[in-house]
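Shown below is the structure under consideration.
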Amino acid sequence: MGFILRRLVFYFGAFLVAVVINFILPRAMPGDPITAMLAGGAMLDAQQVANLRETFGFIDAPVYEQFWIYFKSIFSWELGVSTYFYPTPVTEILGMAFGWTLFLTGTATLLAFAFGASLGIVAAWYRGGKFDSIASPLSLVLQATPQLVFGIVILFTFGVNMDLIPISYAYTAGATPEFTWVFIKDVLHHAIAPIFCIFIVQLGGFLVPMRNNMINLLGEDYITMGKAKGLSNIRVMLNYGARNAILPSVTALSMALGFVVGGAMVVEVIFNYPGLGTVLYNAIINRDYQVIQGQLLIMTIFMLSFNFLADVLYVFLDPRLRKGGK
Amino acid sequence: ADKATLTLVSEMKPSWVRNFNPFLATSRLATTNQFIYEPLLVVNEIKGGEVVYRLANKHYFSDDLKTVYFELKKDVKWSDGEAFTADDVVYSLGVAAKGGAADVAGISAKIAGVKKVDDYKVAVELKDVNTGIVAEIVRAPIVAEHVFSKVADLTTFTNENPVGTGPFTQVDTFTPQVYVQCRNPNYYENDKLAVDCIRMPQLANNDQLLAAAIKGDLDWTSAFIPDIDRVLVSQNKHYHYWFPAAGSASFMVNFKTPNANNAKAFNDVQFRRAFSMALDRQAIVDIAGYGYWSVNEYPDALGDQFAAWANKDSIAKYGKYSKFNIEGAKKLLKDAGYKDVDGDGFVENPDGTKVEFKILAPNGWSDFINTVQIGVEGLQEVGINASVSTPEFAILTEKVQNADYDAQFTNYFAGPDPFKYYNTAFHSEQMDKARFGGHHNVDKELDALIDSFNKTGDQDEKVAIVHKIQERIGSNQTTMAAMSTNYNYQYNTKRFTGWFNDKNPQARPVVWPDTPERLLHVLNLKPVK
Amino acid sequence: MSKNNPIIEVKNLVKDFPINANSLKKNYMRALNDVSFTLYKGRALAIVGESGSGKSTSAKIIAKMYSRTQGIVQYHGRDIDDFTQKQELMEYRESVQMIFQDPFGSLNPTHTIFHHLARPLLLHKKVTNKAELPERIYSLLERVGLTPAKETAEKFPHQLSGGQRQRVNIARNLAVEAEVILADEPTSMLDVSIRLGVLNLMEDMKDDGISMMYITHDIATARYLAEDIGVMYVGHLVEWGEVDEVLQKPAHPYTQLLMSAVPNPEKSIHDNLEGGRKGEIPLWTPESIGCPFAGRCLQAMDKCTDALPEPKEVAPNHFVRCFLHD
Amino acid sequence: MSQKKEVQLSVRNLCVDYITSNGDVRAVNSISFDIGKGEVFGLAGESGCGKSTVAFSVCRLHKPPAFISGGEIVFNGKDILEFDDEQLRQYRWKESAMVFQSAMNSLNPVLTMEEQFCDVLLAHTDMTRQECVKRAGQLLEIVDIHPSRLTDYPHQFSGGMRQRLVIAIALALNAKLIIMDEPTTALDVVVQREILQKIYQLKEEFGFSILFITHDISLMVEFCDRIGIMYAGELAEVSPAKNILTRPNHPYTEGLGNAFPPLHGEKKRLVGIPGTPLNLFEVPVGCRFQARCPYVKDVCRQEYCTLTEIAPGEFSSCHLHNDGMIDVKSLEPKPVQA
Amino acid sequence: MGFLKLLVRNNKALMGLIIVGFFILTSALAPLITQYDSKKRTGRPHMAPDAEHVLGTTRMGRDVFAQTLYGGRLSLAVGFGAGIIVVAMAVAVGITAGYFGGLIDEILSSLMNIMLVIPQLPLLMVLAAFIGQASPMVIALIIGLTSWAWGARVVRSQTLAVREKEFVVAAQVLGEPSWRIIVIEILPNLISIIGASFIGSVIYAIMTQATLEFLGLGDPTAVTWGTQLYNMQNTSAINIGAWWEVFSPIVVIACVGAGLALLNFAVDEIANPQLRSHVGLKRWKQITAEKEAEALQEQQGKVQGAAS
């Protein structure tokens, strides 16, 4: 397990660096929450502005002191209070959005992986065939189309013009979250369009590498041996091909899942989905330092954890990396 | 019977967070003031500052103009049934007078003290004579002493179950996506109030608001909606709008610009006049302003809103410089010695040095940016080498305050009288405090005139002062007026009637929280049967 | 040729490689242990032994590709580590050249043959001006039998067969007029029918006075080309001497085993292996003691696992490391 | 030896083309040979002469762009080229199993050995899982690996062990023919010999036939009953193993024999086969070996030469034998023009 | 060079090249194609497409066609500019890490991994906000400086593979200096990987720029496809029914994305011959099918023969 240990050391280092960057980034942005308010068009006179600044006095502490407070807060998980939603704690704000984003982006990513990987396997198996020649480049093309294009087009055609899908929120305004079929249906109804947008853009990212990987593997002797053994095609395709080809995709999946908490900012913003992407976007617009910091922090933690998970998973899935090699 | 619920959008946020503490000016929900905390009185800006009494019955100045007295209504109760008395007002204004974060009206510097005269009369002592102070004092929220005096820290209190004197104190539903406030059972004007509840859906931006409006979900909004006739009104016949004039907006050059060559031109009144004449105000209004704005051809940018204060003489003398006139501008430049020497199509200073500058407008303010772009088209046509730059608002503000820029386009405060406009836009003490006085042209006489405005209670005298101010600014062409902006306001007649509009212009119709008149508005609404 | 002109002398060479690069604690394997041999002018020393026995490593140390852990490597009596100045270093590089196993890998697929031969000439100033280059290159190509030279020079490596590519490699060594050539399995990837051509070419070079180290596991070609032979097992030179002497009378059990296993049309597949049995090849570490072959040796004694036998001269010019010859 | 035994596999005029973007290449041209029951038949020849292509064709494992354009492969009387998918699946491994050129890479790295034994057993027999595991254990014992290592993954075995594992899998269904395509090239000579001895022993025990492919003639002579020498997609010669080096019937065979320096005896300078292997895109009229042949005659440049039986059990495709059999070794070579 | 020949021979690459080339050409030649200035009012607001304004006008009365053409200049310049920066950084860092190994590799690899862990879009947003007015060139620079890590990783691992090749060892034994080995011996072998990474970066940069500008973080006075989208969003062009304003940038972005994606796909195939589905494979399929059909016919013939 030396490998895992070494990775852990790296992750800790990366974490420290990321923490420092997270601290610097928001502070490097011009303006403060008050000017952000003014930038939003609010008309306040000089005295009111001065008084407001006093509310958020903690911002004026010396930088090293701020850093120390921030650094301690990471471990105590007291991430401060939002200025925009003053005095709501950052953890509460992120907590509200976290679940939604996890649901939205997580579902989309897993779907994209499931479909992408399976279609990639099929495309590779029947490479050069009709499906492969159309699906593989198409998925890449879809991947090269910005989410915002899909978002806008879908929002306005299906949401505004045809009124088929809701155009904002995670569930109908006024409904109370509960574990009933009606509510779940409502949530799904609200999520379908954003999930589709994220899904379609991610699809190619899983399909094409899976396909290429699989094609490379199909030249391997053990695949031929599988065939020579007189096993059924499906068995060779899955047990011999896919089992091996999927390994790099698993890393890609973990990376993608690591980015999940970042939310698909554009899609969330376009569909007014109450996830972390929206929260971060607004925090940046409103210079809500504490929220930006908190969000970057959990994104980093997630990213690192999933990277680590990918490492562990890889070791688990690929027996060659396990101990006991000759 | 069904409750009459009014759906309004008084702010746009990514999520609702329950906070009804009126002392948290940035994070309290927008329906806190007026709808929960009734003000002492409402100053009706559209009607030239006419006072509508609410919690107060009457107010007056002492003879030396250094104390204001408020006499309170006697039959008012808090929503929890406690009586409303002078103690509450003394407590609330006391909080403001103490200054600091809780002084959301920003009046502590002007108030010496607050005294209870009797149970229903309060005296506010001023530090200086200031006849305009009442409009500012009444922006301070009046809260229940028996609730707030028990709060340890006003700046972290979220007041989730508010006790107020206003019409909608009962929080009925609260989710991050929508909340509803319902009638205060003890509201002193419940007989007049026909709206039972107000409902606030969370909307993050104009697009979502528009989409919801088209569906007919909203009753009362104040959003900017481009091409409203085509986009909204034609889609939903119940929607109407009214865009009364708001504050004015002007271009300005920085007299103290660090660029020495530009400074020569900027400090030449003829150059500034040519600048002003190059602005196609009608195009700005029609295109950048979607026709919602109105042309502003006042030499001092005062605007139609304050037409009653206008100085006819100075308009006659300088008005021509505020009218779009390409040929006139060219002639003016030529006569003043600005010529294109190097043949680049743009004029140089009479001494041959280059004039070349950027006009700033904040990033994201697309109507402003479009305005500047149209302005620049005219400027380039007369031979002035101007272009557009769109820094972040914070950067723009900092540059403008520090006189570290060339030119900008900005809007101004409106108000019941022109004082706030003049004071923030031209008083030398304000120049480094905000973007409004960014021309940095210090004129001590003008300062004195502005200072004298609120030293008198006499309206005629005030008008006379304003006339003198206009003459000074107009003759100097300190700023280049472009247009007056408008208040955005849309309403839906499907469920409610009694809306303010151009036929019924009782008060500013906006639902944003900085418009106390919205209280008068909501009291005027009646459900459609 | 006689043995009076030592060029490279290797004495008691030891090389450790770190293993388990992923673990936090570094472990070492001993790839070479107490290896001594000498390369003489005009003679070839063949090094044979199974895969991983340290053949390439010793060549790479001589070529200054690897540093050594212990021991001495002398070039004309001077330790090669003393060549620190650029001038001396270049001179050494000029004198000691390598021919590699993989004729594909040893030529850069993106450059022409011309480039491959021009570089050594230019780098080591074998031509005074560029105009001479083509002439020199053509004559080199002709020398290694690649005609027509001009056409060959313009080709890319993939346009040549394996044997031709190996000839280019040899031409490259001839270009710098190397004194020592380290040939690391130069023919193992060549077709049987063209292998001899390359071997004969090397034979000619040797006759021109070049000193050669010929690494192979093909004992028959070792005998064909070399005067001396060294047999390696797990980082140890277990037996060495003149080639016919060693092959006719193998003294070390491992050499005996090797000889009995070599395919030989005069024998039958049923003939038994001599000298040793199958068994695990040990991982040699700096801590390991004894004879590395003890575990497989049919005549192993107790002391074989306790200490490494010292070299003994069993016949003139025939050395062996084995207690059986005490 | 090798009296006419019963024929296990009979390849008749097999032609295999590779269809490439630069044109079609006939990599195997009209090859015919028989393998008797229990016989070890060797195919030798230098790299690229088509040995593997033949081997893959015999299992019908050839992949695009390989394409069997003619001939028959008759196994136990049936032409396997006519098999449909299901017949083919049945045929594979049960009738003929294959040990690949690089056995190191022919085990699936992510499956345990147990799974790799069981999947083939489950696919072809009615055994239960337990029975499969038991059988796998027996197979391991046959190749001298402890059955407890069934749960290990391929990378946990050494190269030689992996090679033995592949052989054990090949034995799983008692296939009648085992094709071995350079099964030992990547191995140490010591290990190589051990494995070949094991295979031979198993062959004796179970009686299957072997198609053995390598380019190491010395090894082949030790191991095979009969040997076919291939050159550029054609069979140059088929002869009993012992004859190949001592009494070659084809100039190419002679050259090949000369290319292996002897281990004993006098050291003399050898000359291999001059010239370079044939580029299959530029097949000449006549004999494919003409350009490198030291005894080339005019007829070689004009007439194609088919594999003919020049003596009982000895076949050669060389015009030298047009007028009866000659001892190729005794001929005086002529210098070859480039 | 061989690489180009391979590109042109590949159908997907050819199509990609044509699409991308078309947009590069039309933007470069914008002044010859349209007489309108993309930044000036040349018509009334929101005019539907007609002979005079082929793609209509924007709310500001600017010609959409001209904006799309001129917008292409900046958008493509940003894309390619950022692509160049990304690739330059990726190659510099990747090769250095891969070639020198050891501590240098450790440090650079950690740097790459950290860059990969930092969320991109927020970082870009923060940087864009920090710089204030993020002109297209600034955006290109930001994208370039923040997105090289992935490419560097790929280049590094490929370098590691190439470094092990014997021709590199041969060059070392010959005494070639390190820089020459890197530049002359190793770099040419990474061309296709660098090509793929370049195209990928260009796609990413174009998309990211559009996204940033759409979110209002760009310079609204610059005419690019992103600001076109921003402006159409700001002016509710869709609600008004000014589909042409939405249609043009979206279609153009999608097309360029598609073209580049096809190119990328093709470069992948060139880099990895295994992935190539060459003409031969098609012919193989044909021939096999023919032969099967023949066999079927024969069989049927036999059956019929038997029946008759």
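A, B, C, D and E label the chains in the order they appear, each numbered from 1.
We take it that a contact is a pair of C-beta atoms (placed from the backbone, for glycine too) under 8 Å apart; a residue touches a chain by one contact, two chains touch by 3 or more.
By chain, with names taken from UniProt: A, E = ABC transporter permease; C, D = ABC transporter ATP-binding protein.
Keep in mind it's a predicted model, so treat the numbers as computed, not measured.
Asks: Comparing the two chain pairs, does A-B have more C-beta contacts than B-E, or is it the other way round?
Replies: By number of C-beta pairs in contact, A-B is the larger.
Asks: State the chain with the largest centre-to-centre distance from chain B, centres being mean CA positions.
Replies: D
Asks: Taking each chain's centre as the mean position of its Cα atoms, how many Å separate chain B from chain C?
Replies: About 89 Å, centre to centre.
Asks: Can you give the whole-Å distance between the Cα centres of chain A (ABC transporter permease) and chain D?
Replies: Using C-alpha averages as centres, the distance is 54 Å.
Asks: What whole-Å value do you get for the distance between chain C and chain D if each is reduced to the mean of its CA atoms?
Replies: Measuring from centre to centre gives 32 Å for this pair.
Asks: Quick one: chain A (ABC transporter permease) and chain E (ABC transporter permease), Cα centre-to-centre, how many Å?
Replies: Roughly 22 Å, centre to centre.
Asks: Provide the list of chain E (ABC transporter permease) residues touching at least two other chains, using ranges where the numbers run on.
Replies: Answer for chain E (ABC transporter permease), listing residues that touch two or more other chains: 129, 132, 233, 239, 281, 285.
Asks: Which residues belonging to chain A (ABC transporter permease) are in contact with no fewer than two other chains?
Replies: Within chain A (ABC transporter permease), the residues that touch at least two other chains are 30, 160, 269, 281.
Asks: Counting only residues that touch at least 2 other chains, which ones in chain B make the list?
Replies: Answer for chain B, listing residues that touch two or more other chains: 214, 364, 392, 395.
Asks: Taking the complex as given, what residues does chain E (ABC transporter permease) use to touch chain D?
Replies: Against chain D, chain E (ABC transporter permease) makes touches at 278-281, 283-285, 287-288.
Asks: Provide the residue numbers of chain C that touch chain E (ABC transporter permease) in the complex, in ascending order.
Replies: Those in contact with chain E (ABC transporter permease) are residues 63-65, 89-90, 93-94, 96-98, 100-102, 105-111, 119-120, 123-124, 169, 172, 176.
Asks: Can you tell me which positions in chain D touch chain C when the two form their complex?
Replies: Result: residues 46-48, 158, 160, 188-194, 196-197, 200, 215-219, 221-223, 245, 255-256, 258-264, 267, 269-274, 276-277, 338 of chain D touch chain C.
Asks: For a test of understanding, state which residues of chain A (ABC transporter permease) touch chain D in their complex under the given definition.
Replies: 220-222, 224-232, 235, 239-240, 243-244, 247, 317-320, 322, 324-326
Asks: So in the complex, the part of chain D that touches chain A (ABC transporter permease) is made up of which residues?
Replies: By the definition above, chain D touches chain A (ABC transporter permease) via 59, 61, 63, 88-94, 97-98, 100-102, 105-112, 115, 119-120, 123-124, 152-153, 155-158, 166, 169.
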